[in-house]
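Think of it as A, B, C and D in the order they're written, each chain with its own count starting at 1.
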Amino acid sequence: MIWRFGLFDSTFTPLATTHWALLTVLCLPLLMGLLAALFPPKRAWPVLLASAPIVAAGLMLLFAFNDAGLLRWQWAVADIQLSLRLNGLSVLLLLTTQWIGVAAALYTPGYLRLSDPGPMARWLWPLMGTLISALSLMWLATDLLTLYVALELMGLAAVGMLLLSGKAAALKAGMRYLLLALVGSLTYLLGVALILGHWGRLDLQGLAEIIEPGPVAWFAAALVGAGLALKAALFPLHAWLSPVHENAWTPVSALHAGLVIKASLFMLVLLWSILLPDAFYAPRVIAWLGMLAIVWGGLLAWRTDSLKTLVASSTVAQLGYLMVIFPLLLGADVAPLPRALAWEGFWLQLMGHAFAKAAMFMAAGNLILATGESTLKGLAGTSRRLPLSLLVFGIASITLMGLPPSAGFTAKWLLFEAMIITQQWWAVAALLVGTLLTAAYIFRMFRYSFDESAPRQRYQPLAPGMDLIALTLALAAFALGLFAHYPLGLMHGGGV
Amino acid sequence: MIASIDVVEVALALCLTGTALVCLFDRHLLRACRFFVAFAIAMALAWWQLGAIWLASAELLLGAVLTGLCCFYALGHVGSSGSSVLAHDHFSEPWTRIAMRVVLALVWFVMVAVAIGYVLTDMQHSPAEHPLLLAGVVIAASAMASFALHRHLLRRLLAFNLLGSGVFMLLAGVAGTTPTAQVLISVGLLVAALGSMLGVLLIRQLLHLQGVNALDHDSGPKESAT
Amino acid sequence: MMTLLLALSLLWPLCVAGCSAWHAYRTPSSRRDYFSLLWVSAAWPALLLAYGGEAQWTIDAWMLGGEWALNSLSRPWLAFTALLWSLAAVHARGYFAAEHKQAQAGDQDVQRRLQRLSLLWPMTLLGNVLLVVAQDIASFYLGFALMTFAAYALVVHTGTQEARLGARVYLILAVVGEGLILAGFLWAAGEADTLTLQGVREGILIAEQGAWMAALLCLGFGVKAGVIGLHVWLPLAHPVAPAPASAVLSGVMIKAGLLGWISVLPLGHDEVPGALAQFGHVMLIAGLAAAFAAALYGVFQRHPKAVLAYSSISQMGMMTALVAMGLVAPDVWPLLWPGLVLFAAHHALAKGSLFMGTSISEHLPRWPLPLVWALMALPGISLAGAIGAGMISKWGVKSPLYEMHHESLIKLLSWAAVGTAALVSVALWRQWQQREQGGSNPWQWGAWLAGIMAALVTPLWLPLPAGSIEMAPLKEWLGIIWPFPAGVVLAVLGWLLTRPFKGKSPPAGDLWWLYAFIANAALVPIRLIGHACGKIKAASVAAAQSMEKRFMVYLSRGLAGESWLRHHSSGLMMVLAAVLAALLMWEGQG
Amino acid sequence: MTAEWLPITALAIALLVTGIIFVLPEESHRLRTTINLLAAVTNIVLVTLMVRRVAAGYEDIFSFQVVGGVDFVLRTDALGVMFAGLSSLLWLCTTIYAIGYLEGSANRKRFFGFFSLCVASTIGIALADNLFTFLIFYEMLTLSTYPLVVHRGTEQALNAGRIYLRYTLTAGVVLLLGAVLLYSLTGDQSFSSEAGLGDYLNDNRGLLTLIFALLVGGFAVKAAMVPLHGWLPRAMVAPAPVSALLHAVAVVKAGAFGILRVVYDLYGIELSVELGVITALAVAASITIIYGSLRAIAQEELKPRLAFSTISQVSYVILGIGLFGPFGTIGALAHLLHQGLMKVTLFFCAGNYAEELGIHRIDEMDGAGKRMPLTSIAFTIGALGMIGLPPFAGFITKWYLGIGAIQAEMYWVVAVLVISSTLNAMYFLPIVHRLWFRLGPSHGKGSWPDEQRLGRFETHGWLLLPMVFTALVSLAAGLLAGLPFSPLDWATRVANGEYLL
């Protein structure tokens, strides 16, 4: 399990150029964000210009990984050993982060121009930069300290971004999120304290070697798990999520739903697979909660009247899919084949959802922006006037429903295979029910949009490219599904 | 660790626990904030006692001064004209909620204590040898519970800060004041301070916008809609 | 050359129909000629073809593989079919002259009717020709179906209440018949894996269930041939159809059924299995029953055409019996079939003339009445076997039976001929009663006269194998002729005896009314069940809807739990941590 | 010589057109029409090319790996090419028809976009060589038809769309489960593999049966087999070209085609017989046939009657599969094409009546034959073909099915065929009768519900042309069934391949 996270020594020392690429990836978003705060971009092209080196650095790392396998950088500051590593999973998540981040950034100028954001708008840029940097750091981190730093950085940046819209509802939701996120990190820290106290080290590779099952590992796992579950909005600790998304700006929601909560989940999987390599019940508790999440989130989204709540609740349900996989990822009694399938399915689902959810938020944002209504009923007749936004929404929702040819489908296929091999019929049922519920709420929304009997109203024209950016993301989720072999192969590449 | 009971540590531990509990459960918030400042100073002393000078100064600066100022600002005693809306917590919780939180606090207390017991095996035999650690457990558990119990935003913020301190204390207690632990704690302190500042700003802004001091029913209509 | 002729004889009617349709849309109604010479000529190529000699064609591209042939059987058959069609067409030109004028004067209703008729008449003809030459199942079935369904227009032509009833009965039975034929063909062809009628014959012979296949086919064709029980459309459809249509219906179209039998039954084969022979007996009895029952019932009819229809049933009964002999006594068949064909041909022309005669009696030309009635009686007398071709055809049937010693059948057939004679005389009498003066058209009576002539000299022009038919020796004449006077006498006696009873005559279509009653009675419970099902469905839909509504209420109430979750997030987090810790501990210790 | 570009190009063209249409502005009608028609014609050319290559014995395969053990494979085999041919032919017809039908109405961009997508999915379904690829296009079809069903945006249409999705998505889920079960049992199974699943029979009999039930059950929803047919009559609210395509090729046929693939190419006939599922299939199909016909009789509106007729007719295909033997197979395959041609004709006619005269109910059709002769002739051809009368296409298939039933010694099937023919006659002949034999508004009796004068002819030329074409083709398919490359001939070729004759 551990090798999958790239926690082993690399064969080659990284080239000097990769150092620069690493530096670019980690720091440039932050710097560019600060720059943008000073000179807020009004058009998309400066953003594109600024993000080009970041993406280029990401691709460079990808090629470097392709050439050399696992990359590992190490420094010693004072007495503390710091190290970063890049394996297939990190590359994938890094690229996902960058692309979604870039898409959100490109989307932002148009959005801000149209939505009259107020004076706080310029702060969005540094926060966004911080967020990207923190996320990039998280995918590369190899010790609990760095993870903690990245987690906190990300959390605070996320809270800040969510607050920017300045509406009272947003502030309330943000306040709740802030408090819960802080408490969640403290709980995580408590778990880390136990680990540090017992084993005296924080580097994951070392911990993975020396940790054996025992009460300390279990308590630490429980605390870390609970804290991260709160931050990752896992059912039943998800309730802060939808008000937050409902009131935030569209690009912020997209980033948050696509990436931020996934980061906590990533940490949860990472730490648990170190702390609980062969637990039986804990992953199952998560899985059972996941089943509930699928149903609950689906029902919430089904009955809601607000478009953004629908999208946010669907995140809860989609996280349920990921939770359901836990017993296959962790635990001692899983054969290698289903574990490998579940592993691939998990990350594919995660990435696919990230792309699709980001696209969906953007599409929803476009719809809301254009119609001036945030309720589902307000969408009546949009199929005539805003076909492209709806199409994007539709393509994104195909991924969420897990219908072919999307990443959601391919992931579901892999997961099904894994579950069938291990005979987890409940999980299979949950996934199937989830598909149907997803379809139910998605098409409830479409039903409104196809309603032709509604009175015609004025629509605000969208900035050029806003739809196209969303479309690109949604199609990326498709491509990820159809050509899943390559990214999944990348995940193997570092290990075997 | 020395075998005999360190009087200074015990005193500090008692002082910390006492101030923390008052801070957590006093409905009069101005008083609670004062106690919080006192707690932070005691905390700094504790760090000093443990030999972490850097942490002590950080705690003094970030915890006592900055966070304290933040709290008073939230109450309207620093800077802008004060309003007394926040000064007193008027919420009365149903007894079931209180009972549940008490039970949870106990459970957490036991859990954390047991966990630490496993980490420091010698503590199982003589728990009184680590008074600060014990205080940390008590503070963490009760702060957690009161965070879950309270609805008043400032009180929750205070509870969070106390929880942070408790956790740092535990961390230092079980891991010693190694550089790694110090870095962890400093990051935590910084984040707590930043969070508090952000939280206080939010509280003020919310009060300004809507006159609310708790997060009740913010999106109630959304849920009840079918 | 023959191929060209065949193509022409099949395509010509199609062209005629096409022209008719073209005119309907392109020629103004006042100048439209529905029954032009072109139209009349529709059957001529087929007639020519019949005299062109024997030939065979195979066309693979045609449906399931086309096999067409003119052989010793189909040639005479085609000849009399095409001849009667031609005559009837000529007759129709006269018959519809009055309506034609109305149509040109602008009566839209009449225009519509004539249009329909002039379009579907050639189509019916086409079907008939096709089925005669077809040797493969698909073409045969195609011809049969085309003829059957296109003839609907012929029956319904006048559009009156009775016509619609007759047409409906015709159509219902036709559909039933098509179904039976299809089933029989499928079964037989499926067992024998064949696509030709030849194959079907052989298949039925060797198949285990051959008798049942034969039964299905026979019943299916029997609808057209008016086998007893399925004959009910004849007396309902014939009186309402226009005279030329009745003529072809009764003359050649019901013969299609007969041809069907001959085509599919392994007649005259050496080793007819027992079951099949058994079936032959059943068929024989059915045929004779039809022959007698129809005569008995028919004499009480009022409408001359209904009487003639019953006469057709009776005659077809005889032919049924003769066909059945091919199964019962296979050795007689090689001698019998030319006689049967002659019998059929003669009956076709004679019955055609009789039906055309009904139109003459309704529009009497300014001729001496006795002459007219004498002319009218001629085909009837011939039909009873007393003169002309009738005699020869009787003998043609009788002599093989004599040879093979089936005297009892001969007796029965003779008695049936008595019935025929009685029917014919009743028909003439009814015509006399219902005669009307006025305006016979030369086309009309010309065709009629030609028909009579053709009927009387049938053997002369029918291209039967040489030497298969000969004149009856003089000593047998009495045996052939006697049924006619007997029949006439019986009819007169009967009329005299029943005159005191002023009862109503029994309705035409006898069993139909029983069928209709049974079907209606059977429909009642079905409808009830249908209604009940509908009610159950409505109730379940309503129940489901109310359940859904209730569920939605519960659901929205339940979803309010979301806000509870929101306010207890931190508490739940504590619980989760505690639960996870407890579980792990328990699992680790346990 | 290989031409692996062939299948993917056929698919890509349809997808490309979809993209182009979505990008083009709503107003550029002419350009859209041109592109649409061009693509449809190109596809026909491509399929013709495929037909020639398959006839010459080549099979072109295009594939790439999606994830480990699962490939995306397109292959031109005889069966697939047959279905692809039907799709591309009817694509052209329905496109022409739709252009005329939707002239002047709103949302045409959306309509044609999804229409092309629908066809692309159908082509994908036709050429898919394993279950995974098949499922991709199958679900794509489900989704792309939804906007077409709800196109009008009325309450009724939206409800119909919802019900359509309820059925098809649930079926999709069931199908997915079955497919994954199968994959986890056997791995990636190409439709072209000779082996079949016989190797797994001994150990996994129950599981194989279960998978079969899941797969066929899933496909049966689209094939509208009773009791899974509820969506089809409701989906009638869609515009006529959609109904035509839905009924003739895209949706119901996709279901039937799926069952064909499962039985013939995935399980293999021997195994299906061995499992005993074949007879069950035949029984289910028979029930559907009879039930559909009975319900059709009870309908008083034209399109619902046609819809129930479809339910009944599509099950002929299933019935043909259920008859173990080459004749049943030929019948099933030929009916796939024949029914498509005839049904599309009927729906075109129904659309024409509705557009030109506003006729929706059957009792409004009196005398329409005079007003719209070509339409009525086409309708008559379609109806008589449906009844199974020679020389129309329907007869050919009915014949083969009957022969197949006899050879499989399932005599009751013949009874089913005969009864259903009779029932078909009962619901089609009255319409034909009304068209030609009843007096109606064109005879000065009453007036049409909503008469328009759409064109120089009896109605708009674009509406007339495809209808006449399909009517003629369905006539020719029966009349000249013996020609090489006729539907029957091709079906025979496929069946020979399946039975290794």
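Methods note: a contact is a pair of C-beta atoms (placed from the backbone, for glycine too) under 8 Å apart; a residue touches a chain by one contact, two chains touch by 3 or more.
If you want to know which protein each chain is, UniProt gives these names: A = NADH-ubiquinone oxidoreductase; D = Monovalent cation/H+ antiporter subunit D family protein.
Since the structure is predicted, the reported quantities are computational estimates derived from the model, not experimental observations.
With centres taken as mean C-alpha coordinates, the chain found closest to the middle of all protein C-alpha atoms is D.
Among the other chains, B has the CA centre that is most remote from the centre of subunit C. Ranked by the number of C-beta pairs in contact, the top chain pair here is A-B. Chain centres here are Cα means. That of subunit A falls 42 Å from that of subunit D. Taking the mean of the C-alpha atoms as each chain's centre, subunit B and subunit C sit 102 Å apart. Centroid to centroid, with C-alpha atoms defining each point, subunit C and subunit D lie 36 Å apart. Once the centre of each chain is set as its mean CA position, subunit A and subunit B turn out to be 31 Å apart. Shared interface positions of subunit B, defined as residues touching 2 or more other chains, are 111, 115, 144, 147, 215, 219, 225-226.
Listed for subunit C are residues 552, 555-556, 559, 562-563, 570, 574, 577-578, 581, each touching two or more other chains.
Pairwise, the chains that touch each other are A-B, A-C, A-D, B-C, C-D. Within the complex formed with subunit A, the subunit C residues making contact are 552, 555-556, 558-559, 562-563, 565-566, 569-570, 572-574, 576-581, 583-588. Within the complex formed with subunit A, the subunit B residues making contact are 111-112, 114-116, 118-120, 140, 144, 147, 153, 156-157, 160, 163-164, 167, 170-171, 173-175, 178-181, 183-184, 187-188, 191-192, 194-195, 198-199, 202-203, 205-206, 209-210, 212, 215, 218-219, 222, 225-226. Across the complex, subunit C meets subunit B through its residues 552-553, 555-556, 559-560, 562-563, 567-568, 570-571, 574-575, 577-578, 581. Contact residues on subunit A toward subunit D in their complex (touch as defined above): 344, 381, 383-384, 387-388, 391, 394, 398, 401, 403-405, 409-410, 412-414, 416-417, 420-421, 428, 432, 435-436, 439, 443, 446-447, 450-453, 481-485, 488. Residue ranges of subunit C in contact with subunit D, taken from their complex: 21, 25, 59-66, 108-109, 112, 116, 138-139, 141-142, 145-146, 149, 153, 156, 171, 175-176, 178-180, 182-183, 185-187, 189-191, 193, 530.
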